[in-house]
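Note that the chains are named A, B, C and D in the order they appear, and that numbering of residues resets to 1 at the start of each chain.
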């Protein structure tokens, strides 16, 4: 069944029909299609275009179709062009010609994007929830690993010691921004296109505000031409997903490094690693590698949709049919990925002895400079002096704490015996006590702020 | 001058130095670097690390440097690695060794991203303003062209008639979403990294909340590791700019079509077109073509930065140096582009006679179906009947309104003489009166809503 | 069944297992996996690692598996991690413990990329063939429409008249470059990784040159580390496909314009258009719009894979698992798309009267300038004079040929009565007779060159 | 000066003019513009459109302009729209009205893309040369480090030992593919557009084959419409550069890891590292991080141009103006990057003691399985046995070689005392002797093949 054809004198070419057909993708929105159609029937009835009996019969028929989808026994036909056609065809089988009244005053142009927005309005809270689960795993690690020191890195080189908890929380905040973006996107998604017709609006007395409310939208769209063409919400979802993917790729990359034998900072659980078909000793961080890779896949989806949208002139252009596959893929990817990431985090074992052992005196060279600053030496001069100490120690093949006081005073006269007090990484960490720093007290405050932030995002209960 | 080197035994390779040097790009943030350094000096003084006299001397020296930048007579040196180095080097020339105290407790890692955020906090309102100018041009056209009918298109084929005003407003709403996204991004950008040190926070008693307030930030960042690494705001700016570019490319594409001789809907002003070096008759819509192209360039910048960010393990990695060029380019592109787009819109001439003339009876076929719906015929049956009428008229080589009543009744018995009343595009437009539709009264309401929406976005006055 | 696990003390987490499992994607390479395994068995036998009886039993078992795949009755199990595991598991069911000898000296790392290359070595000639079909359709149109003039466009504005045949052929050459790139890619794809082991090569006396020859590869890979990591061929396929997509999007965009009522240059066949669920009169170029959109989808796949590959440190990293889905999608897209494009081209109707009618005098303004050049006037001066004529005609509301001789001579004294001879578009076309120009004789030569070029690309017969 | 305007009644808007103007970018092709114009003057003279005296005067004038560009004293004017306009304007100043004859029969459409191709025909050999320099650095390392063992990695986990030379050569082959792609691209770039006019060809008797030969092109383009629109070569350059960037990012990522204190495999030269403004001890691999980042920037350029090209309908569209900036940037990036990468490679110090020390017994577990294979045990069973040995050793907290023979025989009866012979990484490496493997003899052969391959690519001497 096609929903058109009166004016056509020949049938579509078979390859063209197959190329054009979107059912394989858009059947994913079957429930949303039924739900929106039921609301549309109510609106038609309120507008006097259906009698109460007709409205009731249509909604009952639609409910049967929804039940068939739920039960998995809806039978698609080769001639169903898309999910809308399939539903209307089936409705006709169930209730006869009356089914033909349902499409009054609407178009597949406003229908499809209504379905799509409804689908996404359900997905975003699910993704948000999964992000929250990862945040919880990070919080829990921050609690558990509170006493553990970690070499902090910049440029993948040792920089300064930090609390491992501080490091876990860094990732929590990135995900919090993702959740914030998604929550704002939800608001923009919850704008109802239905009632925009093909492009010009509907010529019947539809109460679009009531329609919006019934379907859980915040408001009807203000312009019908824009409503049927606007795919900003899809592009924005793909961007938010891509940036979330980047955040996860960063975490994954670091954990992959931490789990190498050379680093040995952590050991991943057997449950989240795999082996090799050839090399019996291998224990591979496949989950983390796939996590890292998914950032690329998500970015590809974003690029693809943006390029599809570029330069489209019209209200609805068929190019827009390519909007759903990448969004479905992105949501599926995050929904599969996030629980695995949470599992990896929760089950890995931290080797606190190792992370402490690798913190060398060199990581405290900034503290060494700060000693001179405390003695009134300008920081730039103090920095140069500490650099010379690093070089002298390297030339002597010893560590900074093994240099003699004479060595230090040969470098800068302001050094005194206090210098040897700085070579304690715990003390270094504790000195970084300003807001957002790695000192234990600052991290405790941060954990409290994180708890509040996490709870600050919520969604309306779905209808 | 380098801000490091004590531990190095040899000088950088010349090609490596040139490859590494970022001054050509980051000198763009000269004023922000000075401004943030002044605030930092105040914070050091408040923390007792500078005497009032020292603080005052540093701030005065920095002000001289700011004045040199403003006057365009700051002399960069080949040895300046980046803008931070250049400023500190010059400060030393102006006030001597005291300059070496300024970098106490901070790092270029927190400094550069503070400068960058400050720069963007200034740019976003400028872009927002330019978007508002384009919106105003669209509003004005909606007023001027209020009585003009336009063939509405889907699939780049005639669909239904709409008000030209409705079409202009469709673009206004897309830009409104861009502005909304940018306003939300501004909030996320206004989070202060300064005081995060290289990665671990600062070990001095800096009041970061006061620092944030002085510089116009909303709050200090909650985690130092995240603060020096987070480039979400840059990626988000590039996404917002890219999606805005897509919106403009859509407008451009349509106006390019409308200005072809075949369409003839509009004529672009000579002031916004160019000619050909070979073909004397040409009048080319170059501005619109470049507008369309910029969507691609902006998307490339987004893709580029996202790929740079993917898989970075650390707090600060040098890869992040590639963050600024695409953001500067994106802002420059929008700032150059938007006024030109506004100009194109304001100065083009609409050929209302032509847009009316090309509205053929076929565009009212939906109204024809609606006539039958009014007579109680299910829409699907009515749609088929109207399709048959279209085909019959085509076969006869006449228009829909030239079919006889007998023709219509041969197609469907429910047709009566009222059918001939529908062939008036103005009446068709007027029937689309639901919220968001193209009927004049609905468009008037929409224009009011647009005015309110446009005014709803504002920014703090910059400091 | 897993091909590893001896060293693991716990089972994989269920969600992690599902996330990690690639069977849904890589089962596409079932036949290639069997084929490569048979060749590997031959190589093991030649190296003395299998007896002839063992080799024969393994190959027979593998053939049964191939037959099961062909017949569609191979039964995958939930525990099959990937296609390699499934085949080895099934082989064990068929021939017992002997199956465990097949994986001697190889790894899934070299196995998967061998399968993948084999798959692509089969696909590239298929895509090449489909490209050839589109080229043939273009050639045929060039023949059929040889006498038809078309307004040539630049900047989507009338430029100069051309032969419609010339326009069709322009697209043929772009596809020829695509075919050339694919042919060169085929050569780079036909490099055998098998025998590279997991990363270090194989420790058994495998004759890799013989293995390459048996499987239809040109040569064995020169470096095992590179061999298991190299996905250049996949990225290159995605680029070639993307650029081909861009070429098709250009053709699609033009044909969409040409089929608007305003242009009316062509009419698309009913067999390659669709209608509207709401608007009975619509005949939409959906195939062309989808063609245009696919360029974006393909580009997204390219971007995605390139981002996946960026920054991977190792020989084989699991991120590489994301290589196949985009390549399969790209090949499927082209294989579905190209025949439809060929069908659209072959079945559309050109309205030669319309394309001639819209060629206005203005399109001959360059010829007008050339008249003056013929009289010794420098071109730049001639161009300005012709421009003035265009403006004068516009001001008078007439066409160039309706200006009087006096008008012309007032613009430039070198004009004489010959000027009125230029206003014949056929003559203009005929004057562009240099190689590659639009004159009929030049286009005839071009058609001959095209025929030779098309036939110049061929592939080895597949094994 | 504009090269058009006769038909225009008003001047361009100032912002529009600035937005449209391309001189800042395309002045980069000044020499190519002059060179192509000289060849064009010769062609006009050969066609009888210029007298020998005129041709000579034009060419002399053009040479003066070329000299001004070389000397850096060509004075651009604000009114120069692009490089072509600037050259023609200056020619007029030098030789008077005769300059106006130069543009006879050509258009900026064919002119600009001729210049661009010429520019790229010069750049590709330069990039190829720089790639060769990196290859030489890799070759030299392969020589120097021939005796050094390296832990081979997959999944960033220890896999099997390899020769460090083998690892260096892996990167050489990837760059060889880049060079091969560039050489094939050069052939496609060397197709002459000049003589295609604006779109229809030239109406004068230009010998385009002679023109091609004079300028060093291989042949004239076969279709004028295609010639002025085709930017495949630019897209292909960006892809080739992006994939090269990916290859370099892989090398960079690995060297960054190798230079961490945890790995300690290599030490980078002071000449190719930088320090920290805050942390005196830091020695950062900035060059490698920037190298990794550039892969993203290059990919962004590719995405950008492809998106610009998508959906363009015409012969020449102004969107094409965005083609040059990304190509210039890509070439500049590679030209700056490659020598630095070569320098990093040449000057780093390998810590052979460390790379040997970290090769643990576990990396020989595959050899352990192979021992059983040698005893006739099916590999799959042998693999499982070796995995059990790994697990047993881990449980006992000892290494594989510390397990007792009884332990081994408890795992599999086929183990005998020979098992302890396998724990020598050198022997393991030597066993991987098939073509492309890591055994010293195979690597020696590979080095020879690499030498031949490197020399196999060459370019015509530039004119």
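As a convention for this text, contacts are C-beta pairs under 8 Å (C-beta built on N, C-alpha and C of every residue); 3 or more make two chains touch, one makes a residue touch a chain.
The model shown is predicted, which means the values in this text are computed figures rather than measured ones.
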Chains touching both chain A and chain D, listed by label: B, C
Same or different contact residues where chain B meets its copy chain A, judged by the half mark: same
Comparison of B-C and C-D (more C-beta pairs in contact): C-D
Distance between chain centroids, defined by C-alpha means - chain B, chain C (Å): 33
Distance from chain D to chain C - Cα centre to Cα centre, in angstrom: 23
Shared-contact residues (touching 2 or more other chains) in chain D: 3-9, 103, 109, 154-156, 159-160, 197-198, 257, 275-286, 289, 292, 295-296, 299, 302-303, 306-307, 309-311, 317-318, 366, 383-384, 386-387, 390
Complex contacts: residues of chain C adjacent to chain A: 2-13, 15-16, 18-20, 84-85, 103, 106-109, 197-198, 269-287, 289-290, 292-310, 317-322, 325-326, 336-337, 339-340, 343-344
In the complex, chain D residues that touch chain A: 154-160, 256-257, 259-264, 275-286, 289, 303, 306-307, 310-311, 358, 360, 362-363, 365-366, 368-369, 383-384, 386-387, 389-390, 400
Residue ranges of chain B touching chain A (in the complex, touch as defined): 3-9, 49, 88, 97-105, 109, 152-156, 159-162, 166-167, 169-174, 177, 180-181, 184, 188, 195-206, 208-209, 220-230, 232, 235-236, 239, 242-243, 245-246, 249-250, 252-254, 257, 292, 295-296, 299, 302-303, 306-307, 309-318, 366-367, 370, 373, 378-381, 383-388, 390-391, 394, 428-429, 431-439, 442, 446, 449-450
